[in-house]
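First the structure, which I've put down as structure tokens, then a few questions once you've had a look.
Order of writing sets the labels: A, B, C, D, E and F. Residues in every chain begin at 1.
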Amino acid sequence: MFLHKKELFRPVQVDKPNPRFGQYLLEQFGGATGELTAACQYFVQSFHVDNPGIKDMLLDIAVEEFGHLEMVGRLIELHTKGVKPNIANDSPLFAARGKGPHFLDSLGVTWSASYINEGGDVVRDLRADIAAEAGARQTYEALVNMAPDEGSKKALVHLLTREIAHTNM
Amino acid sequence: MFLHKKELFRPVQVDKPNPRFGQYLLEQFGGATGELTAACQYFVQSFHVDNPGIKDMLLDIAVEEFGHLEMVGRLIELHTKGVKPNIANDSPLFAARGKGPHFLDSLGVTWSASYINEGGDVVRDLRADIAAEAGARQTYEALVNMAPDEGSKKALVHLLTREIAHTNM
Amino acid sequence: MFLHKKELFRPVQVDKPNPRFGQYLLEQFGGATGELTAACQYFVQSFHVDNPGIKDMLLDIAVEEFGHLEMVGRLIELHTKGVKPNIANDSPLFAARGKGPHFLDSLGVTWSASYINEGGDVVRDLRADIAAEAGARQTYEALVNMAPDEGSKKALVHLLTREIAHTNM
Amino acid sequence: MFLHKKELFRPVQVDKPNPRFGQYLLEQFGGATGELTAACQYFVQSFHVDNPGIKDMLLDIAVEEFGHLEMVGRLIELHTKGVKPNIANDSPLFAARGKGPHFLDSLGVTWSASYINEGGDVVRDLRADIAAEAGARQTYEALVNMAPDEGSKKALVHLLTREIAHTNM
Amino acid sequence: MFLHKKELFRPVQVDKPNPRFGQYLLEQFGGATGELTAACQYFVQSFHVDNPGIKDMLLDIAVEEFGHLEMVGRLIELHTKGVKPNIANDSPLFAARGKGPHFLDSLGVTWSASYINEGGDVVRDLRADIAAEAGARQTYEALVNMAPDEGSKKALVHLLTREIAHTNM
Amino acid sequence: MFLHKKELFRPVQVDKPNPRFGQYLLEQFGGATGELTAACQYFVQSFHVDNPGIKDMLLDIAVEEFGHLEMVGRLIELHTKGVKPNIANDSPLFAARGKGPHFLDSLGVTWSASYINEGGDVVRDLRADIAAEAGARQTYEALVNMAPDEGSKKALVHLLTREIAHTNM
């Protein structure tokens, strides 16, 4: 059973809305290396393993990744809402599809479960997780480099640090 | 922030594993009308609305739908694990991809976020939710008709009842 | 049996070709909320229902939506043809793929039948139609706001009005 | 502008409903080589060409292909409706998704506009059409071989003959 | 530059054609864990790295994986050709789409480059390769268990052994 | 069995890296009309035909097309590597996903085997090849028109000439 608390894992703040950067952030919301991929991958793997300790660990990480998804979603919300009507100049994506996050990557491609790597064997599943964390890490590093404000950068560095921690588990 | 409790929303029980029915159940795990669609649709919509009451309601339903996803996943786990090695006769899908749930529909098509309907406007979003509940309801009714055991049937009837409750909210 | 007349439902005119806006218009030609989705959804639903009155109504709307698809296609044709060779500066999409409409959305994602919501039950199908009209309406409103010329705006307002009429049927 | 008449291009008849064959027929309704691909390909190409004669020919064929789509849809309707409730034994697809046609191929994969080949040049477009007709023809021949009743066979042979006629245009 | 020799990496033999097993083998031809995924992943990664030794190693493995793809393709050819006309009873897929391999998985889903994990960093790329080999290995083990004849089994065991060798590089 | 030589079919040179043009070039690397489509289409068709002369010809062309894929990949590598860190201004795609080629088209859509046209019959397969070459040719012509430097233009003209040669075979 899932529960939800209103607080984010860690509060996020955006110093100045930047819809174009909001669009780049979609990469970690609805992109191949993003938090939905991570959350769904750990979640589905938890059904495949019988060892209760590993099952719990996988579920715990899944739940944390859903919380990260929420943080990235809030960042995107902050980068697109409260923006002047001429948002189309900066990001036609949000002008056409509405402000706030969508399950698309930064180029507008819809998220697909074919990004998930899992099945049949716990060793395979854990190797897939290490690879997925490496992908998430590379993308967060790219986004940190592109981040236009300190608030976004801090949030992304926090998320990057968590991916590294998962790899070490 | 998401939290997780080990208990399911409602305990589920399978009287006799039936991998073929396990495969049909994928329809509500990784299918177009399934619980991942519902959970992700309510979740992403919650970022689009400013009214705190509606925002909370959308998040509450999203969290419940994730819990339904978990129930369906457990049913699939029970229908495919503890099955003799010749599972390939009944369901080549689980023989090739591993037992337990996957984010596929009953025909093996990977889940896609293009199943989600949302964006730009709270009225549109709520209409999309009513339509999605109607789709989930139709699929649950079909699965209840196909269910080979009482345990599965009870779980599915419970889930069906919840979808009807959401439509009335 | 389908028939075709050369005249559009309503003549369309573009005051000044704007390939960038032509690309945004793809949203209603090959996008999730677009006219192909609407036309195919009503059309396929007409096979599911036995009541002749509802069957006819669904087919009538399908045929009208194909006509709307044609109007949007003509608008895109007018916004991309007769443009100087340096169209690549404004829209690399049309420079690479050719002028005129394609079954892509404004971000270049190919149209997929997973946008369609239908199946098994007339109540579900009609709810899906109400949701689809709400999505189309939201997208037309966004495009009206982005429209660079009066001719495009008029055509889009007409199409928007028709979607509202369908919802009231 | 599109119009519609209730009569099919040619009446179709099914001697005995066979849901499994109904599922194979999806290949020409929502499959890669099917009538939706053909209709949409000719339709979208008609916007790319300036020569009025070729434009008209492309539109005429598009309209005929939509009519073929309707015939295939009716065949699928006849093969799945009026079938006993245990349709799940023969075709879980229709049991789960509802009777009648869907924009899926015979293996349940949703139709995608990436099946369409078009763009930028009339010579390319016409070559793509010849290739598409060859694919449709091969699939109709396969279905004729698998057809369980004379009524279905006659309808498919008629459709096959029309594809050959288009290739010779 | 690529070159080709007629000989397979290792000759393959099928004792008795079995179209149903031929369909399962598609899992390693056009499936997520299959040889096309492996070959394309190593190939595209070779462009991302500047170290000539790693670049060569990635290309060498890519070329070997293309050779494995050819072996799996030949196996599928042998399991589907020379089969009586009533192949539709055993595998409607090959009856409808033609004998021999296709870039589909065993459930008919078309191969997609979203199965590939790569980008931006050599460490990430190598971790992705280890995960991919683990997936391929799990699938080969499943297929060995399902193999109906000694010839197929031998070929699959050989391919399985090669994946393990790559993981140890 | 495939082999590989380090030399390209024809050396390629880029006078001045241009990441934006590198992105357009993806059209022929991971796009619908690109070299992966061509190579995979000829390769898979070679398994369907029994005539040894046609089989060899199809394989020979497949191998050449893989070599063309490599040339396009090298061009993209040269247009994106050695570029200043502010590549995000010119192409957010490479900034987020890493430099060098990816199996995406110029709009970021992942390559899909549904671009391939093949199956069941050699006449159909050869017609599909003529159509595919016509598509590749149209795209190369568009890219030649957009090419910002002489080196890229020369390489693309060479590739264009080869497609025309294949059509005449």
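Convention: contacts are C-beta pairs under 8 Å (C-beta built on N, C-alpha and C of every residue); 3 or more make two chains touch, one makes a residue touch a chain.
In this text the structure is predicted, and so the values were computed from the model without any measurement.
Between chain A and chain F, the least number of touch steps comes to 1. Counting C-beta pairs in contact across A-E and across C-F shows that the higher total falls to A-E.
When you average the Cα atoms of each chain and compare centres, the chain farthest from chain E turns out to be C. Taking the mean of the C-alpha atoms as each chain's centre, chain D and chain E sit 32 Å apart. Note: centroid distance chain A to chain D, computed from Cα atoms, is 41 Å.
Taken residue by residue, chain D touches two or more other chains at 98, 104, 107-110, 112, 114, 119-121, 138-139, 142, whereas all remaining positions touch fewer.
Inter-chain contacts occur between A-B, A-C, A-E, A-F, B-C, B-D, B-E, C-D, C-F, D-E, D-F, E-F. Contact residues of chain E toward chain A in the complex are 32, 112, 114-115, 117, 119-121, 123-124, 127-128, 130-132, 134-135, 137-139, 142.
Across the complex, chain A meets chain F through its residues 24, 27, 105-109, 138-139, 142-143, 145-146.
Of all residues in chain B, those touching chain A in their complex are 1-9, 30, 36, 40, 44, 47-48, 59-60, 62-63, 66-67, 70, 73-74, 76-77, 97-104, 110-114, 116, 118-121. Within the complex, the chain B residues that touch chain E are 85, 88, 92-93, 95-96, 98, 104, 107-110.
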